[in-house]
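What follows is a set of structures for review.
Here come two complexes built around chain A, the first alongside chain B, the second alongside chain C.
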Partner chain A sequence: MKYLKELSEIYGASGNETEVRKFIKAKVLESKKIDYIKEDHLGNLMCLKKGKNQNKTLLLMAHMDEVGLMVSDIDEDGRLCVQAVGGVDKRVLLGKRVAVGKENIEGVIPFKAIHLQNSEATAVPSWDNIRVDIGSADRKESETKVQIGDYCHFKTVFEEYENRVIGKAFDDRAGCSVMLDILEAMDDLPYYNLVFAFVVQEENGLRGSGAVLKHFNADAALVLEGTTAGDNPELKRERWSTHLDNGPAISYLQSGYVIDRRLFTAIIDTAERLELPHQLKGRTVGSTDTTRTAKSFYGIPGAVINVPSRYIHSPVCVMSKEDYKNTVKLVKDIVMNEIFLKSLEV
Partner chain B sequence: MKNDIKEMAFEFSKAYGPPGREEEIREKIKRRVESLCDEVFVDKSGNLIAVKKATEKSLGKMMVSTHMDEICVICSKVLEEGFLRIEGIGMDPKLLPSQKVWVHTRDGERLRGVIGMLAPHLQTAETKSKVSDFDTLFVDVSMHDINKFNTGDFITYDNDPFEANGKLFTKTLDNRASCMASITALDFLSKMRHSYDYYAVFSSREEIGAFGARTAVSLIQPSVTIAMDATFSNIAVPNNKKVEMGKGPVIARGPVLTKIVTEKLESCCKTYGIPMQLEVSPGRTGTDADQLQLEGVPTGLVSIPSSYMHTPYEKMSISDITEAGRLLAVYCSELDESSFEIRSDAKEENK
Partner chain C sequence: MKELIKRLVEVSAPSGNENKVQKVILEELDGHIDGYRFDAIGNLIVWKNGTSENPKKYLLDGHADEIGLVITNIDDKGFLRVDPVGGVNPLMLLGTIIQFVSRTTGETVRGICSFESETFADAANNQKNPTFDNLFVDIGATSRADALKDVRVGQFGTYEALYIEQNGKIISKAMDDRIACAIVIQVLKEIDTCENTVYGVFAVQEEVGIVGASVAGYDIMPDMAIAIDVTAHSDTPKGFKRMDLCLGKGPAIKIKDKASISDRCVVDHLTKTAVENDIPHQFEVLIFGGTNAHGYQMTRSGIPSGTLSVVTRYVHSPHEMIDYNDVLNSVKLLKKAVEN
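Up next, the complex of A and B:
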């Protein structure tokens, strides 16, 4: 997880992935292990590594974007009105630090002092009382620094502990990081052609990934995600999605797509052969780019491997380092062997 | 000025100090006031008392009380799976989800915790309609050995202060900003003549009832006390004149506050061109002043305009803090032997 810290701290909400892409592209080029790099109009970054066998192509995919906010208006008192980019729970915004606009200036999402609250005390905050304060005296002053349409990003320092990492945007910089780790450590050719696709705009409706298929004749997609854990004390065990430290989570069904049974089985077989801890994702809510790739162009089959993460879509997520390492091992083995794409030959 | 406001704000906001656990913040303040004062000591209640003696024969004591403790949450139960259940002192539970916190353990360690919030994907219509309360909030401490935690561990926000356009954004400006103002007053006084001893009391346990101030005033027996705290600014408080940030310290009028003190504070502002605002406190003030008055000494209240009180990022203007410090220094230097004479009606008649 050499790059997870930087990947987690970079700002890149949906539609604003430039800095993430720049960082990843630089690392990909440094690795000198890629045969061909392609960027498209949407901002997707696609890196082809030719395999031992060039008759098939596997698409490995992670999204670069994260959830965030967009400035929608500026109040008379200089504070900024915002709206969500992607699925943001308004309740996690209060009292949080944000980086605002192109210059990433300091801002904070304040809330009325508890002493002065009436109906707000027990109400879910609404966009009407969520503001970003950048310290300006009035609208005029704010307008010199921020424009409508500027992004606001959560600002969180990444931290590493013996068994855990803490940071923002593990959904899905964890997936991007797994891909970079695999690429860097690749001493041998992958079994088939392998495309590392870092895609844009997943959080605002799986909008980037479909276009990737235009450029490569892929046989299947394997999406790497940072997914919900939900093993919080207030949720009963049977309602958990995944559990930290139980290994990479493999999806079988998600909103809009039933995972291809052959690919799903190939992943499970690989995990068992490697004797890696793994778990099935216990909930089917939410979707990933597999849904899009399966519905686009030729409708290629796909599967999803997830690194479980607590509190995703919030400024502070918690992930297990063991789960991450085991995900890298599992995915690495899949791309170096024939089983995944071969499973489709029936 | 020896002590820079922004520098102090950043340093103090990082210092741990829930009610009754003020050791760390006390040490930081002590280091700053030692060179400015003639005597510095800690009393039985944990108050830090710094005395700057009068530059001539002392005519009395002026005590300024600024509380140094901060709001916090406390661990009420340790869950084996790596979580802590919590209860609050002064904290708004709505602002706790998705915060990084410090857990201060019994063994004196400061350990990371994360107050988690279930991802929106797993929320139901019912859970989405509710705001967090202390029945549902928890701290994720799964990054540490759970045996390090105990019921009764104090938990505080962890965040990074910043400054934008002369405004400070950080936790604990309530009431560390007043501590800074009192230190600034000491800075000013080091270049002024004053015939009253200045007692800077950095008081303990305000957030649970201002006990520190109460015992300090009994111990010191001052001629006059001034409490300092944060007050609400840039927000409509029903039936109150709006206090504005950046327009100077706020002097309170009300039954708890002695008229001669309030009037003198106001006239000092006029004489020295210190910007000021007025607020009323018809009942209790909700500050150290409520306790100070009970000792029977003349009491005043000077507040610093603040937004977002008791949240992770409180906001204040640097200039308001500096001006509040200047006001205290000027007030002290203006006191003379007749300042606190009791002018009863009978005495008036005798003239």
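Up next, the complex of A and C:
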């Protein structure tokens, strides 16, 4: 997880992935292990690594974008009105620091002090009332620093302790990081051609990934995601999505697409052969880019492997290092062997 | 045709697991088609070549999948938690039987749906507002280990229900959309020679989000695509009063639903064919729902698409009811339509 800290700390909400792409591209070039790089008009970054066997192509995919906020208006008092970019839980916003605009200036999301609150303490804030305070005296001053349409990103310093990492945007910088780790450590050729696709705008509606199929004739997609854990003690165990430290989570159904059974089975078989801890995702809500690639052009089957992460779509996510490492091991084995794409021949 | 319908609805094939029913479809079509293929995501595409020099291409679509449930958790006592596959109303599940295929024996394992109820208040609330959080499926297992002999997390199941013929109606699970599969099969069986090439698409994963259609349309590029699907009804006590859809009044030519507006050429072509051949028909404006026609409209540069509906009572319940004459008239109408 050499790059997870940097990847997590880069600002890149949906539609604003440039800095993430620049970072990843630099690392890909440094690795000197790629045969061909393609960047498309949408901002997707696709890197081809030719395999031992070039008659098939596997598409590994992670999205570069994260959820965030966008400035939609400026009040007379200089504070900024914002709307969500992707699915943001309003409850986690109050009192948080954000980086605002192209210069990443300091912003704070204000709230009424506890001393002054009555019933508001338990109420879910409304977008009508959420503001970002950048410290300016009035609208005029704010206008010199930001403009309508500027992004606000969560500001979180990446931390490690024991078996945990804490940071923002593990959905889906964890996936990007897994892909970079696999690429860097690749001493041998992958079994089939391998495309590492880092795509844009997943969080606002799976918008980037479909275009990847315009550039590569892939046979299947394997999406790597940082997914929700939802293993809070107050929630029913039976309805947890995943549990930290139980290993990579494998999906079988998601919103809008049933994971290809052959690929799903190939992943399980691989995990069992390697005797790697793994778990099946316990919830089927939420979607990933496989929904899009299944429906685009001639359509390709897809599967998803997730690194469980607590509190995703918030400024503070928590992940297990062991889960992350086991995900890398699992995905690495899949790309180095034939079982995944071979399963489709039946 | 009743035997064909019975054979198709009795297969358990939820979204993503259509293979079993597609095999039956291929058996039924044996000797009646010029070719078939499975595409990358699992759509079954069959065709009958046209006789003219440059034949036009008609695409008839009946989706192969049905709604179902998927196991998301198995607790220590062997009870299953489930999530919906497609539009399953938890209210509909209370007291129904769900069938799975045993992992070890390959035989059918049945589970009963029920709801948590620790107190009277709980029971009242959970029955009034059932959700997948308070619902469980009981296969009679005594422990987690016992349950794991038959099922595992990630395994799919469907309703199990009686097949009933009564008063000119047929009642079964999975009429949505096996009735369309039956209609497309019957049309292909009855066409002797035809100027136009007719494609049958038995598409995957309609119920979870219209997955298969756009891909099949991209591949085939037909001149016209007609999705055949079930639709709602308004002819029961206090039935929906903003719509007019009745069993027995003939196939319903869809004008609009929430996902698509039928191409005017398709509507006119079907209407003209029905009128000229004296085939009973009705028109449909559905204020919700969607069909694979949406997928065909959204692919390539847009394929002229529409839907022919079979009015169905109790859609997405274990007991979907259709009128047999509507089915026969749908076959008649589509056969004439593709021959023209």
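FYI, the second predicted complex is superposed on the first by the 343 of 346 C-alpha atoms of A that agree within 3 Å, B and C clash if a C-alpha of one lies under 4 Å from a C-alpha of the other, contacts with A are read in each partner's own complex, and residues count from 1 in each chain.
Heads up, the rule we're going with is that contacts are C-beta pairs under 8 Å (C-beta built on N, C-alpha and C of every residue); 3 or more make two chains touch, one makes a residue touch a chain.
Bear in mind that the values here come from a model prediction, so they are computed numbers and not experimental data.
Engineer: Looking at the overlay on chain A, is there a clash between chain B and chain C, or do the two fit?
Structural biologist: By the criteria stated at the top, chain C and chain B fit after superposition, with no clash.
Engineer: Please state, to the nearest 10 degrees, the angle that the Cα centres of chain B and chain C subtend at the Cα centre of chain A after superposition.
Structural biologist: Result: 130 degrees at the vertex chain A.
Engineer: Now for A:54: first (chain B), second (chain C), both, or neither, which partner does it touch?
Structural biologist: neither
Engineer: Quick one: classify A:239 as touching chain B (first), chain C (second), both or neither.
Structural biologist: both
Engineer: Is A:147 touching the first partner chain B, the second partner chain C, both, or neither of them?
Structural biologist: neither
Engineer: Who does A:129 touch here: chain B (first), chain C (second), both, or neither?
Structural biologist: In the superposition, A:129 touches no partner, neither chain B nor chain C.
Engineer: Quick check for you: in the superposed arrangement, does A:283 touch first (chain B), second (chain C), both or neither?
Structural biologist: Touch status of A:283: both partners.
Engineer: For A:72, using the defined touch cut-off, is the partner it touches chain B, chain C, both, or neither? Pick first, second, both or neither.
Structural biologist: In the superposed model, A:72 contacts neither chain B nor chain C.
Engineer: For A:83, using the defined touch cut-off, is the partner it touches chain B, chain C, both, or neither? Pick first, second, both or neither.
Structural biologist: neither
Engineer: I want to verify the contact counts: of chain B and chain C, which reaches more residues of chain A?
Structural biologist: The partner making contact with more of chain A's residues is B.
Engineer: Chain B to chain C: minimum CA distance in the overlay, Å?
Structural biologist: Minimum C-alpha separation, chain B to chain C, in the superposed model is 9 Å.
Engineer: Touching chain B in one complex and chain C in the other: list those residues of chain A.
Structural biologist: 239, 283, 285
Engineer: Contact residues on chain C for chain A in the complex?
Structural biologist: 15-17, 39-42, 70, 72-73, 75, 81, 83-85, 133, 152-154, 156, 205, 208-212, 214-215, 218-219, 295
Engineer: Could you pull out which chain B residues touch chain A in their complex?
Structural biologist: So the residues of chain B touching chain A come out as 79, 81, 83, 85, 90-92, 94-95, 97-100, 112, 114, 116-123, 128-132, 136, 138, 140, 142-144, 159-160, 162-167, 169, 232, 234-235, 237, 246, 286, 307-313, 315.
Engineer: Quick one: which bits of chain A touch chain C in the complex? Just the residue numbers, please.
Structural biologist: Result: residues 219, 236-240, 250, 252-253, 255-261, 264, 280, 282-285, 291, 294-301, 344 of chain A touch chain C.
Engineer: Can you check the complex and tell me which residues of chain A touch chain B?
Structural biologist: 77, 87-89, 91-92, 94-97, 105-108, 110-117, 121-125, 133-137, 141, 156-157, 159, 161-164, 166, 228-235, 239, 241, 244, 283, 285-286, 310-316, 318
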